[in-house]
Structure formats: C-alpha cells, structure tokens
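For clarity, chains are labelled A, B, C and D in written order, and residue numbers in each chain start from 1.
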Amino acid sequence: MSHFLRRQGWVIGLFALLIVLFIATRIIQPGYGSGDFGSLARAVLPYAFAVAAQTVVVIAGGIDLSVAAMMALTSVTAASMMAGASEEYALFVVPFVLAMGLVLGALNGLLIVVTRVPDIVVTLAMLFVLQGAALLVLDAPGGAAAEWLKALISGTVPIPGLPDAIDAWLPKALLVLIVCLCVIWIPLRRSRLGLSIYAIGSSELAAFRSGVPVKRTRVIAYALSGLFAAFGGLALTMSTGIGAPIPGPYLLASVAAVVLGGVALGGGKGGLLGPIVAVFVLRLVRTDLTLLAIDPNVTAIIEGAIMVAVVMFGAFITMRGRQ
Amino acid sequence: AGKYTIGISNTVQGNGWREEMVCAMKAQALASGEVAKLNIAHRNTDAAGQLEDIRNLISAKVDAIVVNPADPAGIKAGLEEATKAGIVVVAVDQAVTEPSAYIISNNQEEYAYLGAKWLFKQMGGKGEVFYMRGAAGASADSDRDKGFKKALAEFPDVKVAQEVFTGWQQDQAKQQILSFLSTGTPINGIWTSGIDNVIVDALVESQAPLVPIVGADNAGFVGQLSSVKGLVGAAVTNPGSIGGAGVTLALQILDGKKPAQQTVLVQPQLWENATEEGKAKLKAAADPSLSPEWPVSISIPDWTTYTKDQIVACKGPGE
Amino acid sequence: MSTTAITPPPVPFGRRLKRFMADRPLVPLIILLVILVVILQILRPGIVNERWIANTIKFAIPLAILAGCQTMTMLTGGIDLSVGTVATMSAFIMATQIVNQDPSVAFLLAMMPAVLIGLVNGIGVGVFRVHPLIMTLGTSLIGTGCLQVYQRTVIASGAKIPDFLAWLGTGVTWGFPNALLLFIPLAALIVFTLARTGFGRLLYAVGDNERATRLSGVQYWQVITALYVTSSLLAGITGLLYIGLIKAPSLSLAEPLVLPSVAAAVIGGTSIFGGRGGYTGTIIGALILTVLTTLLTILQMPEGARRILFGLIVLFVTAAYLRIVEER
Amino acid sequence: MPQSPLLDASGVAKNYGAVAALRNASLTVLPGEVHALMGANGAGKSTLVKILTGAISANAGRILIRGEARDIRSPAAARRAGLLPVYQEPSLIPDLDVLSNLRLTGTPVEPFRAWVRELGIADLDLRDTARDIPLAVLRVLDLARALAVEPDVLILDEMTAALPANLAEKVLEVVRGQGNSGRAVIFISHRFVEISALCDRATVLRDGETVGVVDIVPGVEEKIVELMLGTRIVKTHVAARGAAEKAAPAPARPRIAVHNLRVGAKLNDVSFDLRDGEVAGVVALEGQGQDELFAALAGSIRPSGGTIEVDGSPVKFSHPIDAIRAGIAYVPGDRSEALAMQRSVRENIALPFSAALRNWGPINMRKERATVLSAIERLQIDTRAQGEVQRLSGGNQQKVTIARWIAADARTILCFDPTRGIDVGTKQEIYKLLRELAGHGKSVLFYTSELEEVQRVCDRVIVIFGGRLVDIFPVEEADEPALMRAAYGLPRGAKADIGILADPQSPSSGTAP
C-alpha cells in the first residue's frame, strides 16, 4: 500500500485537484452539466494524444519536438484523402494514417540512433520536415472527414444497464480516448518492451548491460510516439472536419502536461495516467477562465503561473520528502 | 446597463490587427450600451482550440458569439451547436461554412486583387514583382493568393521574381527582403500581405531604388507613404474595426432586426500616393499617435459608433 | 597461449586529418559554413558581396547572442526558452517608453522584466529544482501575458525607435555593421567567462556532476541564479539591438528566434546534457543558420519543400559535425 | 592442458583514440576454476571484461568459447553464450523495482531470492526501487541476479571492493561454491587475501598486455606484484611511523571534537576527538552509520542532535562549503560522486578554488597550473588521458578526488574508503600520503572496508556498530581479529573468531549477532 501511495501520490493529488476544479466550475456556472463535460472531453482529445506521444519518449529518456507537426501532417493527410471520397474509404484511411504515424515516428527514432545527433535536434529538424510535408499535402486548411468519423466523438453512447443520468456523463470522445490509450498502453506497460522503455530512460548504460537492445527500444518508443501523434492528428480531423497544415499549440502543451503529470523529464519515471489527468486539469482551467470572463490578456499570466506553481509545489514536496 | 452577454473568440494573439479588432469589439459593446458583459476567449490556437472556446462560451450561456474563425470550415460543428442553443453567431473577417451563422467580413480576395492591380498598373503592366505572402497554410493567405493570381492573370507581362512567406513576422520579412536585395535581381514592384513598414525601412536603409509598394493601412506604413521621399505606394484597407461591426450586427439580430442577407462584405479601399487626390485621402487617414501595427481605419461608417478615445482605451463594459 | 605481438599500423592520412579536426572542432564548422556560402554563390552568382555579408552578420548577431544564452544554460544541463519573450519585452518597452521618458530611464525600465524573469527562473531552477524547460516556458507565458496587458496601456502613446539603437542595429561603417561594436566585446566576454573565470568553470562542472560540485563547496542555487539572470540580461540587450534592426515593435518580435537559438548552440557543438561545449562554435552555428535561411529564401520552390530542406540540412550539418569531431 | 578451456581469448586489443587500453591481452579459463585477473590500475582489466561480455567491441583479437569462435556483439549475446558479468558499477535500472529488474533480464525469481538469502541479505523487499537500495546491497543483488541464471562463466569485476567485510565474506563463499560445482569464475580484485583464499590461477595484465599466468600457491604474491608492476616495484610495507611522531604531545585542543552526535535513526550519541597530526580510522560493517557520520562532518547533511566543534568553537554546517571553510574536506568512496567526468583532470582538481562567490572572477592560470601539477605529481596520477577524467582508469580517478584537496591544502581530510578498487602499488602511495599529511600536522579521518589497512595507516581506531560508537582503541591493539570482533559489536577480549579472514579453514558460521 505504501508503495502504491508513494508511486501514485502525485496522480492522486492531481485527481483531487481535478475534482476541486469540477466543484469550482459548478459553483461558477451552476448549469454546468453532462453536455458541457462532453465538450471538455472533445477538447481534451487532441491534447491527450499529443501528451501520450510525448510521455512515451520522455519515459524513454528522450523528447519529441515534432509531435505537433506530426499531428498536422497526419491530419492533413487524412483530411485530403477523405475529401470527396466515400464513407467506406475512411475505413482504409484511418489505418493508413496510423501506420504513417508509426513509420514516421520510427524514422525519428532511427535518425537519432543512426546519426547519434541528440534527440532534441533530430526532432527539431523533423519538426520542419513534417511541417513542410504537411504544406505539400495541403497548402491551406481544407479536406474533409467522413461523417461516421465525426460522429465517433460527438454525443454519448447508451450503455445497456446504466441509467441515462450516468450515460450522459460518458461522452463518446472520452470512451474513444480511453479505448485507444488502454489498448496500446496497458499491454505495453506490462510487457518486457514496456520495461525496456523505462529501463533505457532510467539508465541507458545499465539497460544495455542488462541485455536490453537499447537502440531498438528507442526506435520503438519513437514509433509509438508517432502512432499516438497520428491518433492526435485524426482527432483533429474528426473534431474540425478538415486538416490544417499549420501545427496547433500541442508541442508546448504536451511538454507542460507531461511534467505536471509527474513524469520526470530525465526519463524512467511516471506513467500515462498522470499526464492525461493533467490535460483535463489544464483544459478545465481554461473553461473556468472563459466562464469567469477573465480579461483574456490575463489568462496567459494565470495559465503560466499555475504551471509554474504546481511544478514548484511538486518540487517542494519532493524536497521535503527527502529531508 | 445592458442586457446581453456577448462571447468573443479569436485565435491569434499579439498581432496588431487582431488586437485592434478585439479593442473595437470592446469599444462597440461599451458604446452600444446594450451589453452587460463580454466573455472573451483570445489566445493563440488552432481550429480545434477555437471549437473548445466556442463550446466554453456556449457553457457560459452567452446570448451571441462573435468569432474570427481560425478556419471557415473547421469550426462548423461548434457554430451549429451554438445556433441550436439559441445563440446568435456572427463571423467577422472571414466567412464560415456554417449556414446559420451571419457573416460580416473583409473581402480578402478583393483586398489582394485591388492592391495587386494598382501595383501592376504602376509598373506599367510589365516587369518583375516581389511577392511577400503571409503565413503558409493560413486560410486568409490562400484567399489573398487567389486575388493576387487573378490580377496577375490580367497582366501577362508581369512576372513574379520571387515568392516568399513572411509568416506575418516583421523580422522574417525584413531578413527576406534584405537577402533578396543582396542578390541584385532587379525588381519593379513589391506586394506585401500587410508586413509593409519594415520593407520600406529595408529599402531606405540599403539605399535600394524605391519601387512601388503595396501594403495594408497600418499606421506605420500610412505614415511612410506621406513622409518617405520618393516612395510610391498604396495602402489597402483591411479594417480591424470589423470586430466592432460584428458586435453591432449581433446586437441588431438580438434586437430582432435581421439583415436581409446572411453575409455582409465590407469592400476594401485603396489609398495611394501617386495622385493628389490619393495623397489627400492618406493625409486624412494618417494617425501617428497609433501603434504602427494598428490599421488606421479604426471605424466603419454605419457599423461602429465608438469614438477614437474609446477604441484606444480598449475597455469593454464593466471594466 | 598465443601471444602474437600486434604493432599498431601507421596512421593513415584520413585518420590524421580527422584527429586534427577533432582537436579543433571549429575547423569543420567553418568548413561547413564556407560550403554553404559557396553553394549560395553558385546558385545566385554575385550574391556574396559586401552588402550581403553585412546583412548576414546583422541578422546573425541577435541570434548569436540568444544562442549564447542557450549555450550557457545548456552547459549546466538547462535551457532558457524565455529569451524570446524577454527580448520582445525589453524591445517593446524601450520603444514605447522612449516616447515620454528619458533614454536612461527607458533603458532601465526595459531591462527590468529581464532581471525579474531571470531571477524567477534562477530561483525556480536553482532553489526549487523545477526543470528548466518548464520553468522558462512558464515564465515566458507569464511574461507574454504581462506584455499584452502592458500593451493596452500604451496603445495611444505610440512608439519610437531611439536613433542610437537604429544606428547600432542597421548602421554600417566602412562596410562593417555597427552591431559588431556591441557584439565583439560581448562575445569576447562570454568566451573569456566560460574559459577563464571561476564562474565559467562552475557552469561546466555543475552541468557535468552537480553532486561533485556540491562536495567541492559550490552552492548550486548561486550559480544557477546568476546564470539565468545573466542569460535574461543578454536576452534583454538582444531585444534592444533587435528593435534597432527591425524597427517595428511587435508583441512577438523575437519569439521566432527561440528555436533557432537552441539549434545554433547545438550545431555549434554544445551538448544539451551539460558539461560540454563553448561559445565560439555557437557563433558559427548562428552564422550557418542565417546563411541557410538566405539560401532557402533565394531558392525557387514551394514553401513546403523549403521547410523540408531546412530540416534536412540542419540534421545533416549536425550529424556531419558530430561524425567529424567524435573520436573512435 | 588436461581440460579444454571454457573460454579462450587471445590477442585482444582496444584503442581509445591515442590511448591503447589493451594491446595484446589473452585469457584462458578452464571449467571449474576460479581465475583471477590481476593488474595495476589502468592495466585494462575492466576493458577486457567489457570486450568479453559484448559491452564494447575490440579492435583485434580472437575469442573462443568451448573451442568455437564466437563474435559477441552485445551483452545479450554474451548472456546467450553463457558469459555473465557483474561490472565494476551497479547495473540494476535505478528507477525500476527489483522485481521489474528481474523481469527485464528474464531472471527467475525464486533462485534469485535463494541466492540473495545465501549472500546474507535477509530482508529484501522485491518492490523496492533500485535507487533507494544502498550501494553494497545493490552489488550483491547484481551478483545474485547473475547467479540465478547459472552462467557457465561468471565474471566479477571488483565485486568485493565496495562491500563491507561481512558481505564480502559471503560473496567469497558463494564464488568458491561456483568453482566447486564445475562452473568457472573470472575474479577481479586488488585484495590479495581474497585471491589467495579463492583462486586457482591468475592472469596478470600490465599496460594492456598479458604478462603472465600463475598458479596460486602460497607465496606467489610477490611474483604477482612483480609481474603487475614491472619496473615500478614499490616496497610493500608502509614506512613505520617515526618515534618522534608518536611521542609528540597531544595538543590541548582537538582539531575536531564531536559530542553526542545524532543523525536521524542512523547515528546515535557518537562522541570522539580528532587531533592535528593524527590519522583516525573508522571501522564498521556496512550501514552502521559511518556514511551519516562522514556526511555530517562534511556538511552534506544536518545532524539532528549533538555538537561538532572545530578548533574549540562549535560549528553548524548547512552546506559543504561551511565545512570547507573550516578546512574540512570530504573524499567520498564513490568517485562518480566526486568528479565531473567530462572535464579535465586539471579542472577537477582546481574545482574548489572557484566555489566561493568571491572566486568567480578571472582565474590565475599560471598559479593554478603550478598547484595542480604539484598535486598530480605528488599522487603520481597517470595523465595520459587527462582531457576527460572519465577516460582515466578507476584507480587514477580515485587519486584525482584526493589530489583536489591536497591542492586546496585542506587541514582535515575525511577519506571514505579511498583505496576502494586501487592496486597495491597505488595503495602504498596513498598510505604514505596519508601518513605524510599527518606528519605535516594535518588530520585525517579514514574509513576503510579493508581491515588490514587500519594497522598500516591509523593512529587510533574508532569502531561504530548499530549507529553507536562502541570502542576507541590505539592501533597497537588493533589486529584484524580484534577489529573484526569489535566491528560485530563484540566487546574487546571476547574469544570467538569470526569469518574466513580469521580462520580460512573453518566454514563461517554466519551467526554473528
């Protein structure tokens, strides 16, 4: 139990913070209901995938600056392929785009391993390359998304046996997020591959000496990152119905949420749950700022201050814990 | 005093034009006396982020939403939900594809066409033009490109010497023009997508010949058109005060006065300094007290009722 | 037990050349720079003239100073993402305050946010041990917000570029950009600080092994706070220089320089993991990036292809440099 | 040779740039033998191990396993070939718990547990994160993990160097057991006692070359030393302390006086004095509170009670700089804790000069060079690879950590196991150095995990057990059995002999309290 608390303490704290924020939201806007929660879930979706993409590589001891550009490229690819195509064609587009993310992510990893250039530089260079590729696919926002894809993340699913009042709080977007992340993350976390990813992040030398194929593991981590980013790109296309070649604000947001979520930027520590909860916290803060009609110029200050304060607080308790 | 709450969504922060637009919205809301509160979502984000903001505004139960769309099609779902929730939706600056939304917009294609046509005439219908676009991949940029290409098609002897994307960033634009000047390639005109005063500066600093330049009605550039000796150029209006017009339209609809059409286009004007008449217009428009990045056309007749002091104060109701 | 004696074979020329370059990491960097310039000259004959060189230097200098901030912070295993915001703030405040204030007062006001942000960064990183990436990202968000709020109070006051800054930023004397008057002493100071002062030593040592420096009596927070304040001050000065160069105050003036400044430091051979690198390489890195930008502006190709090429060349240059410098 | 060798490496060479770490090394290991690999610091032992186990690749050489040529390119391949190393540095993943570490390497859990118990660690929680486990235990876990997969050839690189006597003893026992069951062990150590108690044969490396293979028989030590050091022969006994030195009257005021020092639950009520011109030894088993004692004196941690007086006035250290200002320097046992590995020898030695705020300005390079050079000379640091400390061998790195404080002229040096992993020649030099320091009126507090060192260097011995100071006695009474007993908390004069060091013939009971 104490092991669990020590390891999950931060995530539990974040959950508590989230609940406090929910209560605050209800106080600010008494009418805040299940429909609004659905909106929150939809807003979270692309961020959550971006953060998942970042989390995997950060745990593996790296960083991926190309996350947002990868999302832009996969999004425009999906949107331009689906433009004018039949609904069924999207059944082919989705796996194609996911595979593309996987391959491009693996390319990131391969370049890092082969050129031995630091990850931050390789992914920075790839940021430009992917952005350029996105512009070549679509030079202005456009394209389309299949209706069923768009419907996949709007509204709720009636789950048999559950009262409607609870159903309403389970928006499809949330389910999509949970399913996509769980299907990949939980088996991974339990596998030897997952352990290897933590191992190379924690100590590359020790991992190598323990017989972990360090290079291969690194490539796989980046491939997974690419895959999650492709999910994020699809989420963008699904929610907006188009593809935009200019990357959104997902890079910095993903790094911030990773750290807020208790994943050490040095690697080897943390999990996926924390960063995802952190994304919910950040989006809900945004909602509250809008509901409160705070001066928009001040919201940047508030968001920055919250980020710094929470991370400082985390650092403060770690320091206290050490003494 | 007012009775309405109006939500505003904008996705570019820190750009003079957009800042003026937001200030115009605030000033108009205050001047109208009908608005109790503004909920402003104003940050740098993409279409998905704007959807989030629009949905937050729906949660906040505003009466109307005035939006400068990140993309015409990308926020359709959000606008539709807003209309369903009984909220009046007005898009400013750019059109949107959602049919239930009202649109009051600057005509970007016309903006580029007007300026480019004047420029090509100044060049005598032939020669090389340096084409400085906005941000690659932005929808306003691609609209303007259409207008520019349309004018270009009318002047078969005009060639594009070089096409660059400034990203609507002053420093990049300046570096690009200086690099280009260093190549010694002769040009006969420069068309810019609103990053204009740094270009004039660059020409003056490097003592390059002052070829005709087309820019926007930013205070800095308009001032240069009157003060820089030997400079021939034109400013095409692209009023940021369109934001105030959007608020006016939203209030009219809330009061039951629906316009005849869903779309109202504000046509751009062109102020040039090649003729006496144009010079007079420029003199009248110039406003050195404004921040150089702000468009000088701070009001739109019939649509805005605030004073200059009000927009410069940039205060909304209740501030 | 076989004991065949193994005599080392004579060192071939290629290896000797490599070792020569490895000992002088600046040489390969300069060669890469020259190669880029030659390519440019081939593509656009005549472009490499006095005026172009002056322009390139003018634009490389602000980048090089910001990359200096990155170099120093990266030596300690950190990074300073707030330099763009700090530079923008000091530039904007200078341009707006000069209208009503005495130049010296305006200067002090302009440098104030730099000191404050540097101090907050330093305390966050040095005392609270927040990761520098997050800390500087947070302060840059806060700084941007403050600038937005500030901007609203001065919309009506207009802006002016002080003549001295314009002279420094854009002026050229006998073919040399005036900005060199600021940059050469500044660069010499940074190089000297890193190589020959106690503070410079500590930056390297702290980035290499913080526990070891602690046992040697080094107080981490002092070093880090001094470092981030220095970095912020440099960024502030860059902002003033940059506003003199661009002559258009905007709320995102220097933001586009942040990622390139990191890239310039890395291309110049500074390790992002700390403990390794230097400023001379960074300067060449900044020049390489500036020339590369020109090269791509001049090339006639779709914007997308331009960006792809930019990314690939940055990657290639860094990889080639590492290959050459790395022993083994 | 009667048996065909399990492992046969010959002509192995490895260059790091201009440095030849190995030039022509060979090694033959027979089934069932414990084979010592010996050599001075920097001779290339660790490098050879890394090559054999695929951690780095050789520039030349041939490796046969059971007569077959094998190209081992990765630790995983070595593992498949039956070669399993325990490196000089711990190899568990710091952020994973022990169980995950086992899963990562595919180690069966039950045998692992059995080995851990066998090796004398009773209360291991498999859910503990490796980072939180003390170094000595980590080393043992590394060994248990290797043993659990029953390798054909087990390679131990200075396995016992960081271990306190009680754990080292268990390790030796287990290793001998391996040999008896027909497997082979390659054993690297600088401790002759261990070699003679354990090994069958020894291969000796000098400057990257195999210079001889000898059978371990009584009296072979001198021969090995000769082989190891070549022309660099040193007298193997430290100069006896001069009579004058001994007779010097104790000054009225001790240099450091510790009263009732308490650090959390780890250290309780410890009081002793340290005088100028004295080397005081600290003897303790692993984890008895000696780490906390040294850390408190060095200003690394704050004591929770008691007082420390320096030169008669009470001090409160809140940072190592406070201790350094008071002239107290700390040399940790783990060199990676003390060195900036990517920096030069010179910068590492000169580091304390720049520490204080007022010394952040320009450096007087000429003065610095002179100071650093004299320190390097005094410790005879091999500076062939001085551009980066990480390229020095372990022993030379260790010397740099001490040289720093010689250069800074510290009045009191707290040496925590300074001879860990150092060859005999260097050890002699360090003993001599410590005595010299004392001769110059400096004071030294010296913890060692090798009991025989106490007699060679110390004037007095301070024994700590269970966080308490149990005894202080003069060196004349400190023979190894006495020290051993004291270290186990037994009162002076008790009769029971403990451990193989006291009596290598009888198996250890392992029932010490």
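By our rule, contacts are C-beta pairs under 8 Å (C-beta built on N, C-alpha and C of every residue); 3 or more make two chains touch, one makes a residue touch a chain.
This structure is a prediction, so every number in the text was calculated from the model and none was measured.
A comparison of the A-B and A-D interfaces places the larger number of contacting C-beta pairs at A-B.
Chain centres here are Cα means. That of chain A falls 30 Å from that of chain C. Chain A and chain D have Cα centroids separated by 46 Å. The multi-chain contact residues of chain D, meaning those touching 2 or more other chains, do not exist; every residue touches at most one other chain.
Each of residues 134-135, 139, 295, 297, 299-300 in chain A touches at least two other chains. Within chain C, residues 144, 148, 152, 303-304 each touch two or more of the remaining chains. Across the assembly, chains come into contact as A-B, A-C, A-D, B-C, C-D. For chain A in complex with chain D, the touching residues are 3, 192, 195-196, 198-199, 201-203, 205-213, 268-269.
Per the touch definition, chain B reaches chain A in the complex via residues 13, 22, 37-49, 51-53, 55-61, 70-77, 135-139, 141-142, 319. Interface residues of chain C, counted against chain B in their complex, comprise 44, 46-47, 49, 51-52, 55, 59, 144, 147-148, 151-152, 154-159, 170, 242, 245-254, 256-257, 293-294, 297-298, 300, 303-304. Interface of chain D with chain A (complex): residues 55, 74-76, 79, 85, 87, 89-96, 100-101, 103-106, 127.
Within the complex, the chain A residues that touch chain C are 111, 115-118, 120-122, 124-137, 139, 252, 255-256, 259, 265, 295, 297-305, 307-308, 311-312, 315-316, 318-319.
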